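Data block below; observations after.
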Amino acid sequence: MPASGRGDVALSMRAVRKSFGPVVALDDVTIEVRAGEVHALVGENGAGKSTLVKILAGVHTPDSGELALAGHPFRPRGPLDALERGVAMIYQELNLAPHLSIEENVLLGREPARCGWLDKRERRARVTRALAVLEHADLDPGERVASLSPGARQLVEIARALVGEPAVLVLDEPTSSLAGDDVERLFRVIGALRERGVAIVYISHFLDELTRIADRYTVLRDGRSVASGAMAGTTVATIVAAMAGRALAEHYPRVPHVPGEVVLELQGLSGRALPYDVDLVLRRGELFGIAGLVGAGRTELLRALFGLDPIRSGRVLLAGVTAEPGSPAARLRQGIGLLSEDRKGEGLAVARSVGFNLTLSRLEPFGRVFSDRRARDECTQGFVDRLGIRCRDPRQRIAELSGGNQQKVALARLLHHDVDVLLLDEPTRGIDVASKVEIYRTLGELAARGKAAILVSSYLPELIGICDTIAVARRGRLGAARPARDWTETALLAEATGAEVVA
Amino acid sequence: MKERLRKLLPILGPFLGLAFVLALFTAIGPEGFLSSYNFRTVATQTVIVGLGALGMTYVIISGGIDLSVGSVIALASVITALVLDAGHDALTACVAGVGTGLACGLVNGLLITQLGIVPFIVTLGMLGIARGLAKYLADEQKVDAPTSWITDLMTKAPEPAWLFFAPGVWLLFALAAVLALVLRSTVFGTHTFAVGSNEATAELCGVRVTRVKVAIYALCGACAGLAGVMQFGRLTVGDPTTAMGKELDIIAAVVIGGGSLAGGEGRILGSLVGAFLMSYLANGCNLIGAPTFIQEILIGCIIIAAVALDRLRHAAR
Amino acid sequence: MKERLRKLLPILGPFLGLAFVLALFTAIGPEGFLSSYNFRTVATQTVIVGLGALGMTYVIISGGIDLSVGSVIALASVITALVLDAGHDALTACVAGVGTGLACGLVNGLLITQLGIVPFIVTLGMLGIARGLAKYLADEQKVDAPTSWITDLMTKAPEPAWLFFAPGVWLLFALAAVLALVLRSTVFGTHTFAVGSNEATAELCGVRVTRVKVAIYALCGACAGLAGVMQFGRLTVGDPTTAMGKELDIIAAVVIGGGSLAGGEGRILGSLVGAFLMSYLANGCNLIGAPTFIQEILIGCIIIAAVALDRLRHAAR
Amino acid sequence: REGKAQDGRRRIAVIPKGTTHEFWKSIHAGAESAGRQLDVEVLWKGPLREDDRDEQIKVVEDFITRRVDGIVLAPLDDAALIPCVRDAVREGIPVVIVDSDLSWDGRVSFVATDNFVGGALAARKLGELLEGAGRVLVMRYLEGSASTMKREEGFLTTLTDEFGQIEVVSSNQYSGATTEGAYRTAENLLIQFADVDGIFCSNESATFGMLRALQDAGLAGQPRFIGFDPSQKLVEALRAGELDALVIQDPVAMGDLGIRAMVDHLEGRPVEARIDTGVVVITKDDMDEPRQRALLDPDLSILER
């Protein structure tokens, strides 16, 4: 691969088409990425971003269209071929071997070796270096990936993309499971790579991120490239308008609602390791946000509360009455539902249909013993329309949906179950701007109807924008809850990291 | 239209396999292969594997496996014979046989869910335990029992003659219809698929995974128990050494019928067709008078071919 | 310290199981159970299951399964005998036996990867094919062969006497050491784990999944072939009906040793200990003179108990 | 009816219990030679899974479908095979039973060794070799196998009845159907009973497994050892003195007489209900006499393809 100078076209994709059976995912996309630039790829959920970059990475073969790397025609025969030609990729869905260690994962397929025998010292050195670049020397390269949190796993994936010294680096929503400071570190790394002349394709639904790090952008809509240009001088509003075909009125719509009586109370709740001694009061009609760094134990708090992890001590009160520690089934009956942050591993049965996943937790409306499939499909179609889920029909398999649309199905399940208390772990992960607004509005409406939600999110503007109350988790403990209007992003971050609050 | 066809194909898959086997042997042309007498014979020969495959379909859909069915069939056949021999009536004996299977299945299910051991190991253990128990109870011999209507369940000359098939065959069909309906259209069926597709999701959605699993293994055990009663009917004696290795035939029938050992996939009708395919294979080999070793090789090849056919079809779309 | 211990525990697991079995039978106290002569006997009896378990460990780590090993052992033993009988020297016969296993494994691997059929079905087919072939080649009888040093490989009175164990036992240990090292310290080993842990990821990271899988099944076949040569050495005849059902013992040994049928987990040393556990079980039952059915029940219970022990330990930490 | 093959010859099915023992090969050879002499076609087919009653029933059923003229059957079970044999007779296909009996009198004839006598002969020989005193080990064959159980019974009753001084130290261990299983069981038995004076095994695989275990433990030739049924290795052992005697049946005659009985019946001649094919004890001393030779190493050349 001849090294290309900055500013040369490192990668071009012309008139790319790709369909999956009757679904046209990409219909004439053209994109050009120069060496040493960060090229933002934006678009609504299901616009075709992931499909496009998967073609680049050799996962899919295009129906038609031309690809070129540094001016040479490029038709990857498979992921290996693409990797060898210098295209590294961080996929939207995590791609790790859980039984292997961090170092084995990072160098998988490219192990330093002599005649087949591993050079373990070299491996350790290279992985340590990559983790140092990400400023995560705290991670033990020998640790099994299975025991890492989603955030840490994402770091492993990024490290993997970095060690290959790629000419083209594709990042498909890399920050959706990263906390604030890790995002900053990632941006510094991306900056350094850009300086070295790497062409970077960056997909994200956080448009403010893009305005910070991207040099140019391309907008996809319905499988077509509809706009592109330089980031400088472009506003978020312009991009949003290009994505959705219309302007977005408001980012954080507020439906008026007032907190009522207490529905859920935690007293000194402790789990296996995390959380530790958590007190929390949740009222009807309240949206309660929890901020915190990766590993702060927010996920564990929700899991313990929902009965997925054991409770070691403490009490859970529902409407003032002590609730026995129960299974998820019992919690659902008590009107509590959970949206998992790990949608592929835990949240959804990806081999099954949209309707199956959406209705699984509450099948009673379709018959107590016999289940009426048609009624199930109709019900599903209702939610598909309401949340704008892009799918062919209710019987399409989840695996064939785009990441954001999968997330919407998971959320729709809670709406279908009609729970009183929603435990939402990173609910808008991978969801596009316009849909986020829809979801915020839906949450507001639920609150207005007297439902309550605990919202765990690493995206602070979202917490401040829609929550009534926010508390910060740190090392398993939950800090004092304060009204959202009393918080600023800096204050949240300061409490999360334990730094002194600078007034 | 094309859409329709695509949906039909996976259902047709096992039928294609069966058609392939039928065509193959018809081409080789042993006498009587396609005769109605032979159909009746094969149907009777299929009852035991077929019944086992019904329960196994549930187990495999739920992502599990049950290696103990062969032994449970033997145990149930011994129990049935012993109960009859003790002077009880035939119905009691049947209930005892099915109940034995149910109990074995329950134990499997409880061990799997309560101790968290993989089904392969639990049921491998049960394979030995049930077989040993059968031999112990039977005093290491076959158990003779007075004649009863259980024997008539598997006769090829049923009364009244318009039944055509042995009553056991009709029982198989009826049970298959019921279990297919349960799988397609009930909450339990949906939960079975959910557990097999993604257990964590099922748990999250409030499916009582433990209960569902126990129920599935109990069902599989009960089916094996019924198969044991039929085996007794066929042999007229309780045989502690019968059905050795039958579990592999049964699993093969389910997989040929579209079941996936990774869980989340399987069809009752498919498994039934798979069971018939296995029977016709052995039958055809017998009829062409192939020596045993040819038969073993041929059956091995055709099992692979039948599943390959299915996979190629999958890949083609 | 605690960290250290936690890392050691999964390795200790199978040893605990073995210790449990040894303690159990020592408590019951048949004469000679703990004698060095009996240790030598058990070690010799373990060679065949042990060799099979080595290859099977790789297969199970990669998320697959190989049901054909029993039949392949029989086929290899027949081939070894035939080659010897045809007047070739012993080394040629050994190479032919191992080569036969390797070929069967290659075919398994190619069918699995090229046709995309699940290993369970492919190897179930091969189970029939290899067994049938063995019977065909052996003319459905035992194949007698002139004596050679292959027989000495499995003698309990080895020359020179300081060997203590039969040469076959040493071969097992040596091969285990090599394969454990390969698993830990080579690219191939890492890729084996990666394929079993997450095949899609391995593919995306540029692991040549197809090649790795074919190599793994070929390795497993070769190990089974070697086990077949040893089986021949033990019986001094090539027996086409030998080692029936041995595949389940071998798989049980690997799982007891910490292998996970879901892939991604397994240890050579563990499998070896698992194989010894299975042998000591059968040996102990014989020594206390338990009737066969007690033996079957006991082995069933202990397989479950050994794995349960392992899981409880897992849960406790 | 389509009973005859294209060339008009009669077709007689011969169904053994299994196909992988030399014993069944010999029956096949006997049947084949009788078939050639009498100009009938012999269809040879064993059950796919050996020792599985259900599999054998399937073979019988499938021969009914093929409408053979007669069935010569070595039933795996004296009761389980009755319904399908009855079906055969109902469909007009007569059945001759060989080797082990069927408790049903609708069969044409029963052609077999007297297994009890075989066991008794072994007991007398062993008693003679031990001079009426000592410790004896019996390794049984398989649970529920009628013929070997008869042999074991014949052996044990004769031994207790006629040789009061002889003590049977173990007779509850089964070798299982395979040689390897027999070998293993024998090895483990010999750890406990290395000092026995006499050993009896009731079939070829059990005998061979015991022989291997004795050879391996360096005990071969020490205890008096009597086996049942021949194979090349066992004959070698007999010659080498590692085995003192073998009880031998005449499977060739069994196959031959089975076919002859069937043909006689089909042609309307009377057939005896019980035909005994005889059993003898062969030792190193008389093993080279022509008749014994023929029994020890039956001529199977007729089966070569």
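Think of it as A, B, C and D in the order they're written, each chain with its own count starting at 1.
Basically, contacts are C-beta pairs under 8 Å (C-beta built on N, C-alpha and C of every residue); 3 or more make two chains touch, one makes a residue touch a chain.
Owing to the predicted nature of the structure, the values given are computational and were not obtained by experimental measurement.
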{"item": "If a chain touches subunit B and subunit D alike, it appears here", "value": "C"}
{"item": "Distance from the mean Cα position of subunit C to that of subunit A, given in whole angstrom", "value": "44"}
{"item": "For subunit B paired with subunit C, centre-to-centre distance based on mean C-alpha positions, whole Å", "value": "29"}
{"item": "Mean-CA-position distance for subunit D and subunit A (Å)", "value": "72"}
{"item": "Interface hub residues of subunit C, defined as touching at least two other chains", "value": "135, 140, 291-292"}
{"item": "Subunit A, residues touching no fewer than two other chains", "value": "none"}
{"item": "Where subunit D touches two or more other chains, by residue", "value": "19, 143, 174"}
{"item": "Chain-level touch network, classified as line, ring, star, complete or other", "value": "other"}
{"item": "Contacting chain pairs - touch in the sense defined above", "value": "A-B, A-C, B-C, B-D, C-D"}
{"item": "Touch list for subunit B against partner subunit A, complex", "value": "3, 185-187, 189-190, 193-194, 197-198, 200-208, 264-265, 317"}
{"item": "Complex contact set, residues of subunit B against subunit D", "value": "30-33, 35, 37-38, 41, 44-45, 48, 135, 140-142, 144, 151, 155-157, 231, 234-237, 239-245, 282-283, 285-287, 289, 291-293, 295-296, 299"}
{"item": "Residues of subunit A that touch subunit B when the two form their complex", "value": "21-22, 308, 327-329, 331-333, 338, 340, 345-352, 356-357, 360-361, 363, 367-373, 413"}
{"item": "Residues on subunit A engaged by subunit C in the complex (per definition of touch)", "value": "57, 59, 78-80, 83-84, 89, 91, 95-100, 104, 108-111, 113, 116-118, 120, 160"}
{"item": "Residue ranges of subunit B in contact with subunit C within the complex", "value": "67, 111, 115-118, 120-122, 124-136, 140, 245, 248, 251-252, 255-256, 260-262, 291-301, 303-304, 307-308, 311-312, 315"}
